[in-house]
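Two complexes come next, and they have one chain in common, chain A, joined by chain B in the first and chain C in the second.
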Partner chain A sequence: MLVVRNLEVFYGKLRAVKSLSFHVNEGEIVTIIGANGSGKTSTLRAISGIMVKTRGEIIFENERINGLPPHVIVNMGISHVPEGRRLFPNLTVRDNLLLGAYPYLKKNGDFSKIVKDRIEQVFAIFPRLKERSDQLAGTLSGGEQQMLAIGRALMSRPRLLLLDEPSMGLAPVIVNEIFKVIEELRKDMGVTILLVEQNARKALEISDRGYVLESGSLVYSGSSEELKKSKEIQRAYLGKSDFFE
Partner chain B sequence: MWEEKYETMERSELGQLQLERLQSVVNRVYRNVKFYNEKFRELKISPEDIKSLDDLRKLPFTTKEDLRRNYPYGMFAVPLRDIVRIHSSSGTTGKTTVVGYTKNDLELWSNLVARIMVAAGVTKDDIIQISFGYGLFTGGFGLHYGAEKIGATVIPISSGNTDRQIMIMQDYHTTVLVSTPSYALVIADRIEELGIDPQSLSLRIGLFGAEPWSEAMRQEIEAKLKIDAYDNYGLSEIIGPGVAGECEMKNGMHIAEDHFLVEIIDPETGEPLPPGEEGELVITTLTKEALPLIRYRTRDITRLHYEKCGCGRTTARMERVKGRTDDMLIVRGVNVFPSQIEEVLFNIEGTEPHYQIIVDREGRLDTLTVLVEVSPKIFSDEMKRQKQIIEEIEEKLYSVLGLKVRVKLVEPKTLQRFEGKAKRVIDKRRL
Partner chain C sequence: MDLIQYLVSGISIGSAYALIAIGFNLIYNATGIINFAQGEFVMLGGMGSVYFYHYLHFPLIFAILSGILLAGVTGILVERLSIRPIRDASILSLIIVTIGDSILIRGIAMLVWDKNSHALPSFSGDIPIRFLGAAVSPQYIWIIVVSIISMLLLGGFFRYTITGKAMLASSVDPVAARLVGINVERVTMYSFFISALFSGMAGALMTPVTLTSYDIGISLGLKGFAAAVVGGLGRMSGALVGGIILGIVESFSAGLISSGYKDAITFGLLLLFLYMRPQGIVGEIKAERV
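For the complex of A and B:
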């Protein structure tokens, strides 16, 4: 579904991602793990067209998408849930969701039933958002905000969902809930998911495969099982020390 | 198929997977293996220069000599505490080549062996007699874990004691024999001698490897044991058996290309050759953790075929190994370098630096005989002294090679002298 070849992402002269190749098959949950500054977020931003200074190839369903503007990429079926949610705190939950359908509205000029149906679908997945639909987004709890951010991304009916650190800053109980939601999105809606996470252990538990980035370069790839078993990865990313073994 | 998804992968999809894996292994060796880090810097290559599979040719070769220079653990890409198994193979001199495996490597190895076994028609209902030597040699353990992975019944009988092999084969209803092809023939001959009807055995499949053999040998084994015989290929530096194996079509060994990137090069120039040409097989490991090797020169001569196989697998097939680009001999499944023998002789007092190695096949089994010139004094000496020297050499050779060698002392100046490159090995075997 998504094939990336030799991706390089630049911030000015700084290269955040170096010659990165990876792929995501339809129906998979794939995780990119790595330390802070290893290039995970930059990779997602390059895919969704937010980072313009890139080199290499990003191919989505056999079409090259680098250089396309973000709204075109959204309409092709890729949605991005950014790190730190990036909601509009002074807008209501419902309005935040509506904004998620903006690229669709802009394209079709249709503001009726379809969009309303989609909102209802998001409410069905996140009943708590329905309860708070007229509340300002800024007043939601961290977990609710994350649900809203995901809900907003679902408004454009993505086939590929990019999730950047969905567990960041959340209490452990809420983290579990969010990961459960991610699994359900694939199961119930058939959405393919590319996940970036610092919480590597949790992420590998729900994903099929993973890639490990180290200062912008790919150092490991494999099934989540294999990655979990690698001592090197355990030490560096899963917080496991064999010092006392 | 054991891992159908990978064994029948579209070539373009496989190419993407190989590129991802190549880039990550190159990053890893650059970061974690001093040898590669220095070599890359010397050649002014950065891991990021590898943007396609064709860029592989920019990377340096790795040779057995490199492994020897970094003996024992210098080429490992992970700390020793992550290594859960050590195997080794013979080196070009007295020192062996050490190979290590992490937990993931062992898991990978078992799966690769399971692939070749399933390709040959082995199922979980089979009873597999593994007549390869166990121990540091990768043959026994490699096939053993692969067979267990499938869920088959394993008889880890190891090599030797042919009558016992046959008794167990009869009594335990062995259905699959794993051994060297020459040992399969020893067993077949003995079965004939004992007057046992091969049809009365449950044997149906043979998986043979670890030494070169021929179509003629295959036909003989199949006829005598009433089985289907399959070839497989591997080398311990790369992982052991499981690198490639034949499917039921018996038209070349399918290479596990999702884990090994293969090239054929001209052994003289090092230049890659187009598909179908004969040359030296070069392997890059794509997923191994403990001992990843970049462009390892196997010294084995073969050809690769990329046409889709009748079995449905899309992976490249390699032909039977035709020979070697170096002087390594394979004697009863054991790798022997003449330099190992030379080194032993060099350290024996009373011998001259002139020797000859004769490999022959007596009946079914290989023999190795070393002729050594001794000083005139010793030759005219009493028999006792000569016997002592012979025993000393035989003992030392056994400890270095793990193989019984016959030693004969000859008079000074009786062995042929060479002006150019010495031809010290005479291989009389006809396969």
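For the complex of A and C:
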């Protein structure tokens, strides 16, 4: 579904991602793990088109998408839940969701029934958002904000969902809840998911395969089972040390 | 009753200032730029209406609409030709570019038209309306009514249309707006268009009262900027509050002290706010995240 070949991403002269190649098959949950600054976020930003300085190829369903503007990429079926959620704090929960369907609304006239149905579907996944639908997004708790960010991304009916650190800054209970929803999204809505996480243990639990980035380069890849068993990954990312064993 | 008269003319001129201040706010919210060419949109609204009415002999209402549209189209041109090509430049550079735009537009207006002052007839004659013992020129009422209606329409646009909501979203977080599929460049262009329409409308509405000329944008632009700052830069309700306060202060100081001092008092008020309350009347202090 998504094939990335020799991707390089630049911040000015700095190369944040170096010759990265990976792929995501339809129906998979794939995780990219890595420390802060390893190039995970830059990779996602390159795919969704908000990082313009890229080299290499990003191919989505046999079409090259790098260089396309973000609103075109959203229309093709890729939706990105950014790091730090980035809601519109001055708009209500409902309006945030509405804007998630912006390309569709623009094409089909304001406030169509289909969009209302999509909003109800998001409320069915996250009932707590329904209770808060007229509240400003800026007043939600961290967990609710993450739910809204995912809900907003689902409003464009993506086939590929990019999730950047959905567990960031959340209590463990909420993290479990969010990860459960991510698994259900694949099962119930058939969404393919590319997940970026620092919480490697959680991410590998729900994903099929994983890639490990270190300062912009790919260092390991394999099935989640393999990665979980690898000694080096356990030491570096899963917080297990040989010391106590 | 002079005081009533000062009050009505103050509110009236103030609501025109509010329209200009809204113009500043729209562009500021969309791009972070203080647009120094804002006054030229005001001038184009007025001079354009004069041109279409006196030289092309349009009926008054069409002349005014054409003048306002001329300002709006110029707003789009400013965005497309001078802002978008260097969108990644610093805010300061962009502001300096708008100063260039303003000099250019003023120069073209002077060459195409002339250096004289021009008038438009009042929209509904000059017979004053008696109001609480004061004689009020009907044009003042036109200015107030048209300003309020257009502000309500703008409020409805932001609240009830998807494009309006997209503009609000793009102004708080352009990256997130891009990610949900909003074409932020397009939305920025809309902001310039609406901004210039509002300012052009102020110019056309005021021309029967204050006359217009190719260089009137300098002072009216500054007045609108002062209104935006007094109310709280970027706040639409602030534009209304700031505009009305400025208009009333100006009108009373012209009436009670001397019209020679009215600009000094207006800009004194601007400086006072910049020193004492830079966030304006309805603004909040923003915590800067480092």
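In this section, the second predicted complex is superposed on the first by the 240 of 245 C-alpha atoms of A that agree within 3 Å, B and C clash if a C-alpha of one lies under 4 Å from a C-alpha of the other, contacts with A are read in each partner's own complex, and residues count from 1 in each chain.
As a convention for this text, a contact is a pair of C-beta atoms (placed from the backbone, for glycine too) under 8 Å apart; a residue touches a chain by one contact, two chains touch by 3 or more.
Remember, it's a predicted structure, so these values are computed and weren't measured experimentally.
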{"item": "Clash or fit (per the criteria above) of chain B with chain C on chain A", "value": "fit"}
{"item": "Partner chain in contact with A:Leu99 - chain B first, chain C second, else both or neither", "value": "second"}
{"item": "Angle, in degrees and to the nearest 10, that opens at chain A between the C-alpha centres of chain B and chain C", "value": "150"}
{"item": "Touching partner for A:Pro89 - first (chain B), second (chain C), both, neither", "value": "second"}
{"item": "Chain B versus chain C, judged by how many residues of chain A each one touches", "value": "C"}
{"item": "First, second, both or neither for A:Lys229, with chain B first and chain C second", "value": "first"}
{"item": "Which of chain B and chain C A:Lys53 touches, first, second, both or neither", "value": "neither"}
{"item": "Which of chain B and chain C A:Arg64 touches, first, second, both or neither", "value": "neither"}
{"item": "First, second, both or neither for A:Lys107, with chain B first and chain C second", "value": "neither"}
{"item": "Touching partner for A:Tyr220 - first (chain B), second (chain C), both, neither", "value": "first"}
{"item": "Partner chain in contact with A:His23 - chain B first, chain C second, else both or neither", "value": "first"}
{"item": "Chain C versus chain B - closest C-alpha approach in the superposed model, Å", "value": "28"}
{"item": "Interfacial residue positions of chain C with respect to chain A in the complex", "value": "161-162, 165-166, 168-169, 172-173, 175-183"}
{"item": "Chain A residues touching chain C - in the complex, by the definition given at the top", "value": "48-50, 69-71, 74-75, 79-80, 82, 86-91, 95, 98-100, 102-103, 105-106, 110-111, 152-153, 155-156"}
{"item": "In the complex, chain A residues that touch chain B", "value": "3, 5-6, 18-23, 211-212, 214, 217-222, 226, 229-232, 242"}
{"item": "Sites on chain B touched by chain A in the complex", "value": "16-17, 19-21, 23-24, 27-28, 31, 47-48, 50-51, 78, 81-82, 102-104, 107, 287, 289"}
